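Lettered A, B and C in written order, each chain numbered from 1.
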Amino acid sequence: MTLNFAEYKTKLYSAVLADTLDSLGYHKQTLSPGIKSIKPDVVMCGLARVGLYMPIYHDDENTDVYEHEIGLIDSLKENEIAVLCCHGNEKIAPWGELLSTRANYLKSAGCLTDGCVRDTKMVNEIGFPVFAKGTNPVDTKFRGKMMMTDVPGEIANVYVESGDLILGDNDGVVIVPSTIINKVIKKALEKVSSENTVREKLKRGYSLTDVFKKYKIL
Amino acid sequence: MTLNFAEYKTKLYSAVLADTLDSLGYHKQTLSPGIKSIKPDVVMCGLARVGLYMPIYHDDENTDVYEHEIGLIDSLKENEIAVLCCHGNEKIAPWGELLSTRANYLKSAGCLTDGCVRDTKMVNEIGFPVFAKGTNPVDTKFRGKMMMTDVPGEIANVYVESGDLILGDNDGVVIVPSTIINKVIKKALEKVSSENTVREKLKRGYSLTDVFKKYKIL
Amino acid sequence: MTLNFAEYKTKLYSAVLADTLDSLGYHKQTLSPGIKSIKPDVVMCGLARVGLYMPIYHDDENTDVYEHEIGLIDSLKENEIAVLCCHGNEKIAPWGELLSTRANYLKSAGCLTDGCVRDTKMVNEIGFPVFAKGTNPVDTKFRGKMMMTDVPGEIANVYVESGDLILGDNDGVVIVPSTIINKVIKKALEKVSSENTVREKLKRGYSLTDVFKKYKIL
């Protein structure tokens, strides 16, 4: 099955993906709260490309602080999302407007980080999706360096690998392991349809007691 | 005195209620910062209906996870607010769009929780007021269950009982114990009037020193 | 050099100031994330006027809780920013609409606090810039008191003195020590120009690898 990211962005949402993953026994696929889009009402969907950071406290020629970061971002393909795992380090802003400009040119689907982002005004003018822990005006130089790319990582308590599907919206961010993407998408689209039925019943005055007895969803 | 919630929503605000409660010796009636409306500029006012949650880590037929939740929400009356006490557990989102749809039908005044909320986009389309600690796409199933309803609770460090008056706005959320609602409302409406006088003086260039000496409020 | 705050607000931004300070060896000039404007897209720039708070738990005639606060705010000059150091105490809201009304009359450039702010709706109607840790409806009375003014302070992990230059925007807040303001401003304006060149190259499809090799900035 070819992945149709444009369709998922309009038909799916993080809550229905989280419920679907729960129903399949995957209970640890939703990022801990607090990783938010820097612009309201953005839906981001694509495939992960993982980079891992470590904190550093100096800079010099040998450090070559942007080395792996430049490598990862220059290699982004259409619909890929740069996943910058900072172990919750809010003291660095590994993403900003120049990286957004390049990633946007390459048709990347966005950036996801548990660190911070800067240049938010300009990033929003570009319209590039960024989900981050917060904003911070500081560079990574003197503070952190990406050390490894395309290796397993963890972000906001969720395990992530390059190739996993990511969907982020106003509610939060869900990661679907690459091995079960097709199964999850199919089941999630079915659940959307059941929820539509329940919603209509409730609007017409049915009680939660009655609709839950019949449809078993809430 | 019949409570006129529509009037309180336009004439009162959380700060003047907090000051009034302070002046009567009630210093612990304001929720700790961080419980926010999921939509800007919403004012929520109504009477509490309390439900208490506990964390759980499984689901099966015996668990009947939505049992008490369905009971509480189906029983909401006009101007009542579902107060979902989660002990600050941000790992669950006990509120979402289907519960909003039902509560809105029953003319409930909103939901207040120190847990999270999901389906925020759809909840905002309904226009149902929700004040929560954050957003999270996950269901309570496998994660938490409401165990008791209409018993005393605590939310963001404030004691709350069903029947207490709740007012939330951009600044935060204040809880007025049911026994003193009339006294607090009367005094708060008077304070609003004094603040209007002071504001006019300051706009015309009076110093804080002078207006405070005269009016004793700031 | 006369400081031209209106120019800095349009040409500079917190990230370029943070980078410039980094390049001069000043790595601790950016406030820890979480101190935000209460209104989106506000740029605040001016000179610090520092006040230090301590937590208190009572109120009476002797306490004279607003004593130093009234003194500091009534003495604000054009382009000065009230810097209210609360040691991260979110239990108090030392700033609100009446202080905003007075400070606005005196042409103060804003308020910066690691405590909370209240009356946010009215403060935003006045259009007065406030960067704070959060919102909270409670007064300082019974909770905190400004004890010293125009002494050195610390806010969100940055040392600050009256006379330091402050710039806050969507990304965060940077403090420029008074002794190096001219040098930093000059160098930051130059950096803005280099970033414009790099941005244009990236928009035209140059790789990060190539532009970083040539311009050494990212």
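Everything that follows uses one rule, which is that a residue touches a chain if its C-beta (ideal position, glycine included) is under 8 Å from a C-beta of that chain, and two chains touch if they have at least 3 such contacts.
Values in this document were obtained by computation on a predicted structure and should not be read as measured data.
Counting every residue number used by either copy at the chain A-chain B contact, under half are found in both chains.
In this entry, chain B maps onto chain C through a rotation of 120 degrees when their C-alpha atoms are superposed, rounded to the nearest 5. Remark: chain A and chain B have CA centroids separated by 31 Å (rounded to whole angstrom).
Across the assembly, chain C contributes no residue in contact with two or more other chains.
Residues of chain C that touch chain A in their complex: 13-15, 17-19, 22, 27, 30, 32-34, 41, 169-174, 195, 198-199, 202-203, 205, 207-209, 212, 218. Chain contact summary for the complex, chain B toward chain A: residues 66, 70-71, 73-74, 90-91, 93, 96-99, 101-102, 105, 116, 118-121, 133-139, 141-143.
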